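If you scroll down you'll find the structure; I have some questions about it.
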Amino acid sequence: MNTDINFDFQRRERIGLIEAIWGADKSIDQLERVSEEVLSKKEVVFITRINKEKASSLLDKYVDAKFFEEANCLMIGENCNKLSTKKKVAIISGGSSDLAVTLEAKLSLEIYGISCQTFVDVGVAGLHRLFNEIEEINKYDVLIVCAGMEGALATVIGGLLPQPIIAVPVSVGYGVSKNGETALNSMLSSCAPGIAVMNIDNGYGAAMAALRILKRIC
Amino acid sequence: MNTDINFDFQRRERIGLIEAIWGADKSIDQLERVSEEVLSKKEVVFITRINKEKASSLLDKYVDAKFFEEANCLMIGENCNKLSTKKKVAIISGGSSDLAVTLEAKLSLEIYGISCQTFVDVGVAGLHRLFNEIEEINKYDVLIVCAGMEGALATVIGGLLPQPIIAVPVSVGYGVSKNGETALNSMLSSCAPGIAVMNIDNGYGAAMAALRILKRIC
Amino acid sequence: MNTDINFDFQRRERIGLIEAIWGADKSIDQLERVSEEVLSKKEVVFITRINKEKASSLLDKYVDAKFFEEANCLMIGENCNKLSTKKKVAIISGGSSDLAVTLEAKLSLEIYGISCQTFVDVGVAGLHRLFNEIEEINKYDVLIVCAGMEGALATVIGGLLPQPIIAVPVSVGYGVSKNGETALNSMLSSCAPGIAVMNIDNGYGAAMAALRILKRIC
Amino acid sequence: MNTDINFDFQRRERIGLIEAIWGADKSIDQLERVSEEVLSKKEVVFITRINKEKASSLLDKYVDAKFFEEANCLMIGENCNKLSTKKKVAIISGGSSDLAVTLEAKLSLEIYGISCQTFVDVGVAGLHRLFNEIEEINKYDVLIVCAGMEGALATVIGGLLPQPIIAVPVSVGYGVSKNGETALNSMLSSCAPGIAVMNIDNGYGAAMAALRILKRIC
Amino acid sequence: MNTDINFDFQRRERIGLIEAIWGADKSIDQLERVSEEVLSKKEVVFITRINKEKASSLLDKYVDAKFFEEANCLMIGENCNKLSTKKKVAIISGGSSDLAVTLEAKLSLEIYGISCQTFVDVGVAGLHRLFNEIEEINKYDVLIVCAGMEGALATVIGGLLPQPIIAVPVSVGYGVSKNGETALNSMLSSCAPGIAVMNIDNGYGAAMAALRILKRIC
Amino acid sequence: MNTDINFDFQRRERIGLIEAIWGADKSIDQLERVSEEVLSKKEVVFITRINKEKASSLLDKYVDAKFFEEANCLMIGENCNKLSTKKKVAIISGGSSDLAVTLEAKLSLEIYGISCQTFVDVGVAGLHRLFNEIEEINKYDVLIVCAGMEGALATVIGGLLPQPIIAVPVSVGYGVSKNGETALNSMLSSCAPGIAVMNIDNGYGAAMAALRILKRIC
Amino acid sequence: MNTDINFDFQRRERIGLIEAIWGADKSIDQLERVSEEVLSKKEVVFITRINKEKASSLLDKYVDAKFFEEANCLMIGENCNKLSTKKKVAIISGGSSDLAVTLEAKLSLEIYGISCQTFVDVGVAGLHRLFNEIEEINKYDVLIVCAGMEGALATVIGGLLPQPIIAVPVSVGYGVSKNGETALNSMLSSCAPGIAVMNIDNGYGAAMAALRILKRIC
Amino acid sequence: MNTDINFDFQRRERIGLIEAIWGADKSIDQLERVSEEVLSKKEVVFITRINKEKASSLLDKYVDAKFFEEANCLMIGENCNKLSTKKKVAIISGGSSDLAVTLEAKLSLEIYGISCQTFVDVGVAGLHRLFNEIEEINKYDVLIVCAGMEGALATVIGGLLPQPIIAVPVSVGYGVSKNGETALNSMLSSCAPGIAVMNIDNGYGAAMAALRILKRIC
């Protein structure tokens, strides 16, 4: 029995999502205990923001654990009810430094059976890189846009394409970038209409917002 | 010819949205000139954040202008291509002081032919008010949640219902409410997964985010 | 004689509380000297925010020292005048990552002979977890609520239960959580009436606020 | 029927408090409608942060309305279930400019039948003023401390007296006083143990926190 | 003799610029006295941030005073040494609400005989508006870019054109736009290389930065 | 009897200063009552931050009241124990917009019989203005430096002259000047050694800091 | 093929600049892959903010790689089209702690064949150091001014010299220096006219802004 | 010859102070070179904010180097012109965690021959500790007050004693203490008159401010 952990097993039933486990503030012991409990209920274990050291410990213990190092995520088992849909999500990022956030979003959607494509390093400083891909991006149903620094990519895409857009500020940059705060405020202040925004680096949250939409579309 | 205004007439074609006119920083003269130009192209004029004095001037000039005082919006003409859909939006607000933002969102969607229902003053301090309505709210396809102060309403709804949720922080309150900044940060930090957030008081933006979703659903 | 430390031995007499020793900014040498002095006056030594390394040094020196690692606290000796009361305190926390703060509060009260019960990981994203416990929580006389991220738990409990509520924002989360600042502002802005708030992570302070109340009740 | 106002009539039953009406962001029309509804349920109307103009309109309409101009509060009718207690509250303020907050707290408690005494302008710059009153203040059961600028009064009292202390930062001062933010942070950072803090200028909230305590004491 | 004003008459000789008079914080009396003194030295009077009321007073007194209401500027006399150059400046703005800042910059350069062209309301939400003008803008020697909200226009232009770019954040917008602070931080964090930034709304400063460049080019 | 005002009549005896009355947050009625009480004790009335309207009322009532409009100060009566000293203070300001703060400091010292000289509008943008006066300034015993915007004047003087320097940031400027916050931080971060800083616009406080020094010198 | 990196090879053609590679957030693997790709296109590799460990790895791999440790920069190959100009840039810094930023700017210009001279440690606390060099500095065509703490150096130089001035705030200092934020705000608020400002520590950006100017001058 | 360091050897002559060397941002190599240069001019080397590792290196090189570890300061040689005065300085601190700042101030004064006494850990939470010393403290000519958390000690002393008071906020505490920012703002907002404030942790600066005063007194 865990007295310090109270996993939300009813979340799937209530809102169709499973609880992801936030790995950053948990000890290895806590992660192992919660994994044990989740697996005993035949649920999939999905841990975000888990570092290499904690992951090693779980990989040693569970043979079917998979560690996605670039995404800082670890999974044990399979999600039992995947979404049956042809709808798909494009995840677009401004720079190669946004990779971890981009991959966290991608993985979080793929667990649910959603097909995702990443379009990396198409930032606004060289617009042709985006324009080369814009027709392709337009084929996707929901767009997740990850960008740090001034976050202008969200505005440019929001002005060009009609899809639902979920913007994720990324904590890259220095000085007044303020660990993603400027990208966040920039995206929230966007002059392009209807861009919805997530917390800084919240790739997982963006995936869940996309999933809420896709489940309604299907 | 307007040299200081450059209306985006191609926006409808590009992303399916018309340009709303931001009334707060424009003079009566600017508002009249841009209205003239928009109407001459047979487009609907939709002005947000317009005060009574500026509205009066436009009401005098255009017989079919309609002023929605509580929403601080003014419309002239009709939107030519409404969305044909049975999907509908619930707009939920924590307190009666959030009314203007709530109504701006509602009006912005109704222009596109979207059916909306408001659920006002169901804040978390008295949860039974929300629980009385939760079954009804669950019938809607997209949820817009407007709340000031600590903005906890978004988290509570996000934990209970599976729909796409667009949260709008509202600039009511005092002291550390900081004109909506605390509600904003609270919504972005929400422990409920997949809540997408707009700028403070941005009812119009929330409507456009909902519209992007609804157009994809239909 | 300590020339750099001036322990407040009269605090018990003045306000009925003993001085806890803040371990974070003190050297091992300072901690040992102040402990020596406190013990020589037959007072209990209670150190908060002490890390493992500093604790080891004191454990080596004092046989009756007890280190509470999860709470980052160390105690030597016993508090001489415990409170004689049947009143008890519930300490409720939103997530398993709030554990250290929760336990610091619990320990700080138990030193005074107060009976405490923790209710861990009952955050608002899955309200049923709280509702399962609410009747039990209602049996307690003072409620301490620890929560990070958006801190909505304090508002929800404040709307449901009549007891004195002391809210402690916790520095978990990332991005706009701002090391607990958003939870702090959220709790201070709460729409539930009469919630009193402590500094971020100040479990000890919450316990002392509860103690001030309990001493008045007895 | 009010569609934009949803008064929490069950609050008294749930937590023993009535809902106060926040007058600042409501129109005269909204205030009249909500008053009508509250009175029809035989509940007392208690409006905070109401200005003279809005008050006049209600005074014209309701013969038994009472306006407390210095406290910016208006009451219609009487609270039906007052607390039967001999316990009493001291409200202490640092400067004469804190008067409105002090009186809002006092009035909010008196509605519930609590006896209150104010100790005004006893700020720390001239400590003798506080020392002249400290013995008298010590006779009270709960202390509410209102102070602006650097808010040091809360710390000084917290170091001298054992009662529950509820600190209210006040938005007086200029420059780095930042409309009460410095007093707020100062009170939260207090080196005196167990001081619980409210939002800036929240005299009403402090009263409710005191009331939660007093109800437990009685 | 003015004892409270000490006009910098040697500035022209030192750095080739005249001192502009900041009208916002000066009384009519101060403005008249400083104008008198400046004119007596045969220098041009150039006042920025002057409102209509103060301007009227000066227009009454000086027959050759000219008030530029949209730019909030007033001039008396002519600048004696204009720059003899064919180089010219483009002033580009994101929205029609940036007009005052745009015109302040334009006027400040025209006083020195610099030819300026404004490109107004070519914001990033509708990129075609900018692309329609980009070839024309490329003919100018220095680019001043004025934008509020998220200020993405500076980045887009910085990625497309090779000229010196001076970005001016504008205090339009609401909520997290924070009176231009988000545009400022966004421009400073720009992923386009070599964009130099001015204080919020500082059209005059941008003009002077451009002038420093143009004087070096000539 | 004043129950809301508790004038610190013992301050002169304790620290040699009289209490100045902060006029900004007091009503005319409060100002009259406190003046009455102060005069009845044969003390001088000195009110800072008093506007024209409040001053008129006091001028009507007290024949020997003097209003210093540019300094926003009002005095009734004379200070009984002036300092007998030949030491004198220079008050130096960066721009003509700092006048009110400069004069508040000057007046606050003159009440105590201190001789003061102002050096106005000698800001760093035209260093020769300061260099013209530097030899004269060097004859004074304490230097008060008032500056807004980037506040560089304090650093320059601190690097050139050996006297005690009290820096007062002034709330002039716009955008990132942030109502004096940038000047404040700039002065606190000064690379010139030993510059002591006051709150924004606190001319009175600077005078009292100078007075504490002068009383020790005499 | 790099799927996570999309180097902007057309930047030289578009705006005459090459893309510098931001080394801070990239892994060694990413740096090697992007270097490989850049070199294969016969472009120069220029990496900024690269630490010793990452640099070692590249030095091992590429014989002609050069690491500039004090500037935290690494270069492989030569820039093919250097600017042919006699114009030159002075880089002036307030303290010896600004060295890394100063050298990053210098190196970034030298790659393009621009002649640069540094004037180090001429801060405002000892003005004579600057005055000793001012005549020499005046011979340069563009001035880059790097300063931390209160950043007053930019204002002083801006008041004395007529050239284009690009100010770079540096993150040295402590307390209210706020990692360069105070220097940044100070430079943006400068009372000297026409000072253009870069992000904190952005020596590279300052060089690019200078380059945009120099290319226009030649 | 040092090209990256430009020691201000004329400072003693100009303002009577020597330049202290800021050790935190300098490399061992820079510290050795600047020491060499300073010693060659027969000046005393005084380095602040130097850590143990850097100090060791200098101790190895210079036999007469003295490292004051608790103060993070290192000295080589003797100051040639000490102040000849009987005036003395009291340095008072709120908690034992303020020790480093306290000792930096003390050492910085003693170099100039000033007699100093520290009064440590007399914080406001236990006022009797201060009252026990207040008569003794009153014998000193200048008071330096170091305090973290809410910094109330400065206000209390400022209300009780007439001397010049220099307040130094200290970066101890957690949460809203914000690394000393709350103590800083609290001291600047103090209701006690004439308290002058230094940057956070700036013990050296406080000493120099005291020295400027003492040199004027002698």
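Letters A, B, C, D, E, F, G and H mark the chains as written, and numbering starts fresh at 1 in each.
Here is the rule we use: contacts are C-beta pairs under 8 Å (C-beta built on N, C-alpha and C of every residue); 3 or more make two chains touch, one makes a residue touch a chain.
Since the model is a prediction, treat every value here as computed from it, not as a measurement.
Go through the assembly and pull out the chains touching chain F as well as chain H.
Intersection of chain F and chain H contact lists gives D, G.
Comparing centres built from CA atoms, which chain ends up most distant from chain D?
Checked the centroid distances; the maximum from chain D is G.
Compared with chain B, which chain's mean CA position is the farthest off?
H
Round to the nearest whole Å and give the separation of the Cα centres of chain E and chain G.
Going by mean C-alpha positions, chain E sits 27 Å from chain G.
What whole-Å value do you get for the distance between chain C and chain G if each is reduced to the mean of its CA atoms?
The computed centroid separation for chain C versus chain G comes out at 49 Å.
Take the average of all CA coordinates in chain A, do the same for chain G, and state the distance between these two points in whole angstrom.
Whole-Å distance between the two chain centres: 35.
Mind pulling the chain C residues that touch 2 or more other chains?
14, 95, 125-126, 158-160, 175-177, 181, 184, 188-189, 193, 199
Taking all chains into account, which pairs touch?
So the chains that touch one another pair up as A-B, A-C, A-E, A-G, B-C, B-D, B-E, C-D, C-H, D-F, D-H, E-F, E-G, F-G, F-H, G-H.
Using the touch definition from the top, list the residues of chain B that touch chain A in their complex.
14-17, 20, 141-142, 158-166, 184, 188-189, 193-199, 204-205, 207-213, 215-217
Help me check something: in the complex, which residues belonging to chain E touch chain A?
That would be residues 94-95, 123-127, 149-152, 155-156, 158-160, 173, 175-178, 181-193 of chain E.
Give every residue of chain B touching chain D within the complex, in rising order.
95-97, 99, 118, 120-122, 125-126, 128-129, 172, 174-177
Can you name the residues of chain D that touch chain B in the complex?
Where chain D meets chain B, its residues are 3-6, 8, 10-11, 14, 19, 22, 24-26, 30, 34, 169, 171, 179-181, 184, 199-202.
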